[in-house]
Amino acid sequence: MDRAVFLRAAVALSGRFPALAGVDLTVEIGETVVLEGANGAGKTSVLRVCAGLLPVTGGEAEVLGCDLRHRPAAVRRRVGLLGHTSALYDELTVVENLRFAVRAAGADVAGIDEALDRVGLTGRLRRTTVGRLSAGQRRRVALAVLVARRPALWLLDEPHAALDAEARAVLGEVVRHAVDHGATVLMASHEPSASFPLADRVVSLAGGRVVGSRPVPATASDSGAESVAPTGTGGTARRAVVVGDVHVA
Amino acid sequence: MWRDAWLVAAKDLRIEVRSRVVLNQVVPFAVVVLGLFAFALGPDRTPMVQGAAGLFWVAVLFAAVLAIQRSFAVESSDEARDGLRLSGLDPAGVFLGKTAAVAAELVALEVLLSAGVVLLYGSHVHSWGTVVVAGVVGTAGLAAVGILYGALAAGLRVRETLLPFLLLPALAPVLLAGTRAWQAGLGTGPGGDSADPWVSLLAVFAVVYLALGVVIFGPLQEGG
Amino acid sequence: MSGAVDSLVRRRVRGAVGVAALVSLAVTVWLGLWVTPPDVKQGQLVRLVYIHPPIAWVALYLAFGTAAVGSLLWLWPRTRSRVWDSLAAASMEVGVVFTALTLVTGSIWGRPTWGVWWAWDARLTSTALLLVLQLGYLALRRVPAAPDVRARRCAVAAVIAGVDVPIVHFSVDWWRTLHQSATVLNPDLTPTIHGSMAWTLLLGFVAMSLVFVWMLLVRYRIEVLAARCEGVELEVSLRERWAEAAPPELAHR
């Protein structure tokens, strides 16, 4: 098994709405891939499918060797999802939240202090209840949960939103450290300037399908020159790059 | 499974100790229900004493609905089920843990409520053993069914109205048996009534639903 | 497998069952109202025995039983199939009709004997609780969701309720019989059956079962059509979704 993620013609329904309408996506182990696309294109749904949260009703879906069509629960201990809402308990302190999350995932509690250091939550903040923290601080706690759990696949949903420059640097460092230790990262992002430097590849989504995939441009100003054959249906090659609202710094 | 159950129960109870929602809101609600019954049955104490056992259990049932809704409301403001599913915990363990936490909260509430019954209605407890055992065993079954239905309804927009409608009819046996057992314990039942068959019914109910929950909670949580 | 079942509900089969149901019901009514003798104790009222117990039996064992079994088969991964979900839902909905009828006929039967419309008779009380549990299932069914999610939710609800039904029966039964109070115990509604009454009663069971099966087939067919509609809707939604990718290409031509 050298593929972290393998989706082929994957269809996923959210209620009656086809959030994913036939996604083809392959991510190798150790790769860092950015998902780009307009709002509603399906970026969050791809991440949720990989986390085993959104059931796949058509096509094939395999993450870290687990068949998501039949046993989505098996994959959950090995992936970490940093979503829009954090699964943190407002009434518990930062440390208590971490202890619960880490123990629940079966990971080592000893890594908690180091994880908190890495994300920059020190001293008194650790004993504060999460309900009293700001949105950015809560993001950091959620990130610390990922760091402490050491999942094999990191799923980040617009991680740079609500983070200031310092926090973004922390995030970048954390992601690089994880990748250096063999993790695979799949990141949905609206901010190429923040996410592209971390990534190996950029995949474009639109209408619940993949419409293009290209390696990250060598320089930030080079947005369209190197567009490779898309993994979606044929005939959409040249257009892949301009889909969505990609802003170039 | 047991380790996960312990984790979840400890987490839920710690949250309750910090936020004190059950203590500050659900318990007073149950006491208010007792008061409403008193108003409805008239100032004469006789009907109240006669009905004390049943009224107690009805108040417990209403309070249980609130406690169960609270148990699931705690799991992140939106997407109530995502957090627990993502955590990698064994679903059977989550079920047992949440059931244990709600049962503990309800037992604490029942202790306070029985004091209320004694004070407000003027009941006398003849057999503490019966009353306590029936209370604990009944609550176990109550909590198990409640957590099952709570998980079913959690995340639905209509959960506030749907949960009572689903849960309360299913709890009818607990109400029947609990009332009869308490009547024997309070001495308000017809003479010669033994509490034993009722307590065993409560026990069967509890065992059946605890077992069902352990088996079915996993499949229940799957699928979006 | 769906194909085989779907062919079963084809019009001819439904028609045949419908005719059989109508005929047996007509014969039962004829026998029940005119041919069989009135009871010594209950007089003409006893004629309700030809429909009330059969309806009650169908409501509990045929309708609810089918729904519960169907739900279990859906939950078991190896036998999971849309057929079981549609069958369970159809059965539960038709079952509600029969359960309600049980209460109505039981109440009518009891009124002259008890003097009141409702006397908390053990069997009727259990049936009333069954009705509420079934309505709960239907309420869950109406919550909009993807077909698989809805099927799972309802199947679990049916199993929880199914486990409850026998417990409810016992508890309500004990509630009536173990309770020695000063009030008069309600006289048992069941009369003694003999001779032509026995045959009519049997025919009553057959007739009601056929009526149930016919209604089930019709309702199941509606489920099949609804599923097909959902399939078409999904196709349309998918195409609309794919079209979302198209407009920008036109803008940048």
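In this document, chain identifiers A, B and C correspond to the written order of the chains, with residue numbering beginning at 1 in each.
In this text, a contact is a pair of C-beta atoms (placed from the backbone, for glycine too) under 8 Å apart; a residue touches a chain by one contact, two chains touch by 3 or more.
Everything numeric here is computed off the predicted structure, so don't read it as measured data.
Among the remaining chains, the Cα-based centre furthest from that of chain C is the centre of A. A comparison of C-alpha centroids places B closest to the centre of the full protein. Inter-chain spacing, taken between the CA centroids of chain B and chain C, is 30 Å.
With centres set at the average Cα position, the gap from chain A to chain B is 40 Å. As a whole-number value, the distance joining the C-alpha centres of chain A and chain C reads 48 Å. For chain A, residues touching at least two other chains, in rising order: 13-14, 55.
Residue positions of chain B with contacts to 2 or more other chains are 222-224.
Shown for chain C are the residues in touch with two or more other chains, namely 145-146, 148-149. Across the complex, chain B is touched by residues 75, 129, 132-133, 135-136, 139-140, 143, 145-146, 148-149, 152-153, 156-157, 159-161, 163-164, 167-168, 170-172, 174-175, 178-181 of chain C.
On the chain B side of its complex with chain A, the touching residues are 4, 7, 11, 14-15, 18-19, 74-79, 82-83, 85-89, 91, 218, 222-224.
By the touch rule above, chain B contacts chain C in their complex via residues 145, 148-149, 152, 156, 158, 162, 165-166, 169-170, 172-173, 176-177, 180, 190, 192-193, 197-198, 201, 204-205, 208-209, 212, 216, 219-220, 222-224. By the touch rule above, chain A contacts chain C in their complex via residues 11, 13-18, 21-22, 40-41, 55, 57, 70, 206-209, 211, 236, 239, 242-244.
Within the complex formed with chain B, the chain A residues making contact are 13-14, 51-55, 72-73, 76-77, 81, 83, 85-89, 91-92, 96, 100-101, 103-106, 129.
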